[in-house]
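What follows is a pair of complexes built around subunit A, which joins subunit B in one and subunit C in the other.
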Partner chain A sequence: MSSAIAVHGLTKSYRGRRVLDGLTFEVPEAAITLYLGPNGAGKTTTFRLLAGLETPDAGEIHILEKPWSPRVRRFLGVTLEEPRFYPWLTGRENVEIAFRYRGAENPAKAALRALERVGLANAAHRRFRDYSLGMRQRLYLAAQLFPGVRLLLLDEPTNGLDVEGREEVWSTLQALTCQGVSLFVSTHQVLEAERFAEYLVVLHGGRVAYQGPYRDLAKRRRFVLRVDDAAEALATLRAAGYEALLGRRPGELYIENAVGQADRLRARLAEAGVQVLDQRFEDLEELYWRIKDGLERAA
Partner chain B sequence: MNALVRAAWVKVRADLAEQLRYPVQFVFGWFTTGAVLWGLGLAAARTSGTEAGVGALATYVAMGAVSLFYLIPRLLAGGKDHPPEEAMLYPHPLARMVAVLASVNAAQIAVGLVGVYFLAALTVTRHAPALGVVLGGMALALLGAAGAGFLLFALKLVFRKVDGLAVLVQLGFFAAAFTPGLRPDWIAAVPVAGAVRWLREPAISPLPVLLFGLLWVFAGILAVARAERAVVARGVAGYE
Partner chain C sequence: MVWNELLKIKRNPTGLALLALGFFFPAAVFLADRLAGDRVEITSTIQPWLQAPVVVVALLGAHLLTLEATLGTGKWIFTTPVTPPRLAAAKALTTALFALLSFLFAVGLAGELPPGRELGLGSLAVLSSLLTLTWLSGLLRHFAGVLVAGMVWMQAAPWLLKLLPQTVQPWAWCVLPGLGLTHFEDTAHNAARILAHLFYLLLAWAVWRRGGAR
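Take a look at the complex of A and B:
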């Protein structure tokens, strides 16, 4: 597997406070990689180091198999915090100016194509100040889709978007991977990202807590039951030899290694007079909590 | 470099189109600027003991230069007190981007103010001023002001808030240019004031003003490059 990003031993401190502590991970090419971690874990710092806005205290960064140098910016699109555009210029003009700064060939045409890719073709000639929050986010993304872009670092790209807007952004990102673009995306919207994630990097305490394909992590998902009597259900399942424990929410139970056993579990519980209200597998957010809790216990 | 110039030109064109959307505001905005500067110029001429036409021209030139000085730290659409990181992500050194954008803006200011000055002079004096003197004075003043503006840009990158200093320097430019009797030999080294002195005494060679202007620009560009390196090494979170 070739890497879009390879980071080794990345360390960064601010005024004696260590934010990243020997961070090491890889991001595969042409895939959506989610970068998860609590607030203040160092996600934005990582992005800033990858973009070259700051220099690390120690460690190495390789972008598209090459050691970091300002030259990688020719292939690297980055969104950070909120977009800043000229409010009185149209969406097309703003993107065109950004593309011209990048030395893109035929920037006017490329800008229109980028706006099409993010679903803003119809709003290309409206002024930025008249754009909604969701349109601004998508325009920010469009400004990174300059000709030749191969890697996108996106910090919370769906922040402030409504359900429809978020779906559009994720679909756009997925389409980009089909065109060979690699995406490294930090987000708090873990559940909506789950459907699109191919690879995960989980950050905790300035270190990588987990990294790997999402499907590998998904295999570790536990079966979740919501019942009317959790204590009785827990006793029943444990007596039957299941590895079960109480969940984070009232009435919920987590059961390990229960794939394909839903009917049997329900029958057991029915015999014990416990009613099953809902059943599902753990979602990515719960898996994330599990990784985080495990690390904190270990610490 | 060409890509940068073209990008700046697209913005200038779009700015102009935006101004032309409001023609009454556009025309009367320039008319007011012309009238106010001419009036100020006459007052400055009276207090400093120079000819009225020269006083007016000096005011136009000084105002153009100070506008550029004010504009340069705001060129790159960054947050008010935040480094212009969007620009730092482009594959160009920040100093080069600032220099190109400042040049385009300087040209914009020069064209606007020289045009208005010509119209005002023709209207008031019925004589067309000497184009070489007007353009020369404007170019010399803009050059020094650009250098000082780059230095301010560099300071803003590192220290974030420099508005108080910027206001003080602007007042200093006007004071050095228009204080009666203040004509020491080293005034050629002072941005704006050196150019204004040359306008008042065109017999003196403009070469020192030009050389000092280039020196200011060189020092300013160097400072921006140095400040960019310092900011990248320190990191945004390293400045609380």
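Take a look at the complex of A and C:
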């Protein structure tokens, strides 16, 4: 696997407080990698270090297989806050300004090409102030898609967007990976990101708690049942040899290794007089909590 | 870089209004005087051909130099190879360009060029104002703040200067920033004046390098 980002032993402290503690992970090329972690876990610090806005106390960063230096910035696009542009200028003009700062040979043409890549070609000549929130976020992406950029670092790209806006952004990100762009995305919107995630890096306490392909983690998903009598259901399933435990929400049970056994489980519970109200597999948010809880227990 | 600043003025309602105000300021003073009638006389302490560039520098310069602090492209600029001092220099250069155009416009309206010495002193005064405005904007990062601070300083400084011993006053007058146009007529303290302006240049660079485009 060639890596878009490789980080080894990254450490960063602020006023004696260690935010990143020997962070080590790799991110594959041309994929959407989700960077998950609670607030204050060090996600934004990681982004700032990767973007070269700050220097680490220790550790190494490789971007697209090259050791970090100011030269790697030409392959990098970064969004670290909400999009801000000149409202009276068109989308194309705003991107053109960004590209001219980066030294594009033909900034107007490059801007138009970038707008095409994020699906905004039709709105290129509309003023920024007339853009919807989703379009603004896509324009922000376009402004980062300078010719030659192969890696985007996106901090909360769907923050504050409505359902439509979020869908627009995620679909655009997915299309960008098809064009060979690697995406390293931090988000709190774990459930919406689940459909698009190909690789995961989970941060906890300044260290990596999990990293790997999403499909590997998905295999570890537990079966979740919501029942009318959780205690009775738990006893019934355990007596039948299932690894079951109470879930986070009232009436929910987690059952390990239950793939393909939904009908059998329901039948067992029906025999015991327990009614199944809902059934599903764990979502990414629950997997995330499991990793986090496991780490806290271990600590 | 200058092209980007020009683009930022395009269709920019505030920028265009300030620019128009600068270009038509001499005409506005003239019209106000005519409309005021015989009992009131409205005049400017500076010549009409100098009014336009001075107003352009004061208004458009302050607007451009504080544009990113209010609208912001913050981290976006951080991640491009543009250093804040270069950005500020482009803005100052763009302002100077419009100041020149407004001067030509005013001269065109008046129909004659000012005498060479006056032109030279006026140009120096405009450049001095631009330099002062560049570091002041870098410090305050707020359009209205820059205008208010500039106005207050220009009104208060002459009074404060009078409190100094008479022998010190001419020196203080030529080294303090933004004290209007007349102090360039005093050529006896040129060395101090040049040194003071070199210091302002350094100050502008330092202020923008430190504060930068946030």
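Keep this in mind: the second predicted complex is superposed on the first by the 298 of 299 C-alpha atoms of A that agree within 3 Å, B and C clash if a C-alpha of one lies under 4 Å from a C-alpha of the other, contacts with A are read in each partner's own complex, and residues count from 1 in each chain.
By definition in this document, a contact is a pair of C-beta atoms (placed from the backbone, for glycine too) under 8 Å apart; a residue touches a chain by one contact, two chains touch by 3 or more.
This is a predicted model, so every value here is computed, not measured.
> Clash or fit: subunit B against subunit C, after overlaying the two structures on subunit A?
Clash: subunit B and subunit C overlap once superposed on subunit A.
> Contacts for A:R73 in the overlay, against subunit B (first) and subunit C (second): which applies, first, second, both or neither?
both
> Touching A:I97, do we find subunit B (first), subunit C (second), both, or neither?
Both: A:I97 reaches subunit B and subunit C.
> Identify the partner contact of A:E256: answer first if only subunit B is touched, second if only subunit C is, both if each is, neither if none is.
neither
> Which partner does A:E271 contact after superposing on A: first (subunit B), second (subunit C), both, neither?
A:E271 contacts neither subunit B nor subunit C.
> Report for A:V19: first if it touches subunit B alone, second if subunit C alone, otherwise both or neither.
first
> Once chain A of both complexes is superposed, is A:E65 in touch with subunit B (first), subunit C (second), both, or neither?
After superposition on chain A, A:E65 lies in contact with neither partner.
> Touching A:A51 in the superposition: subunit B (first), subunit C (second), both, neither?
A:A51 sits against subunit B and subunit C alike.
> Does the superposition put A:D130 against subunit B (first), subunit C (second), both, or neither?
Touch status of A:D130: no partner.
> After lining up the shared chain so the two structures overlap, which partner does A:D293 touch, if you call subunit B first and subunit C second: first, second, both or neither?
neither
> Output the subunit A positions appearing in both contact lists, the one against subunit B and the one against subunit C.
51-53, 73, 76, 78, 80, 84-86, 88-89, 93, 96-97, 100-103
> What residues of subunit A sit close enough to touch subunit B in their complex?
By the definition above, subunit A touches subunit B via 12, 14-15, 19, 45, 48, 51-55, 70-71, 73-74, 76, 78, 80, 84-86, 88-90, 93, 96-97, 100-103.
> Name, in rising order, each residue of subunit A that touches subunit C in their complex.
Residue positions touching the partner: 51-53, 73, 76-81, 84-89, 93, 96-98, 100-103, 127, 143.
> Which bits of subunit B are touching subunit A when the two form their complex?
3-4, 6-7, 10-11, 14-15, 18, 77-79, 85-92, 97, 232-238, 240
> So in the complex, the part of subunit C that touches subunit A is made up of which residues?
1, 3-4, 7-8, 10-13, 71-82
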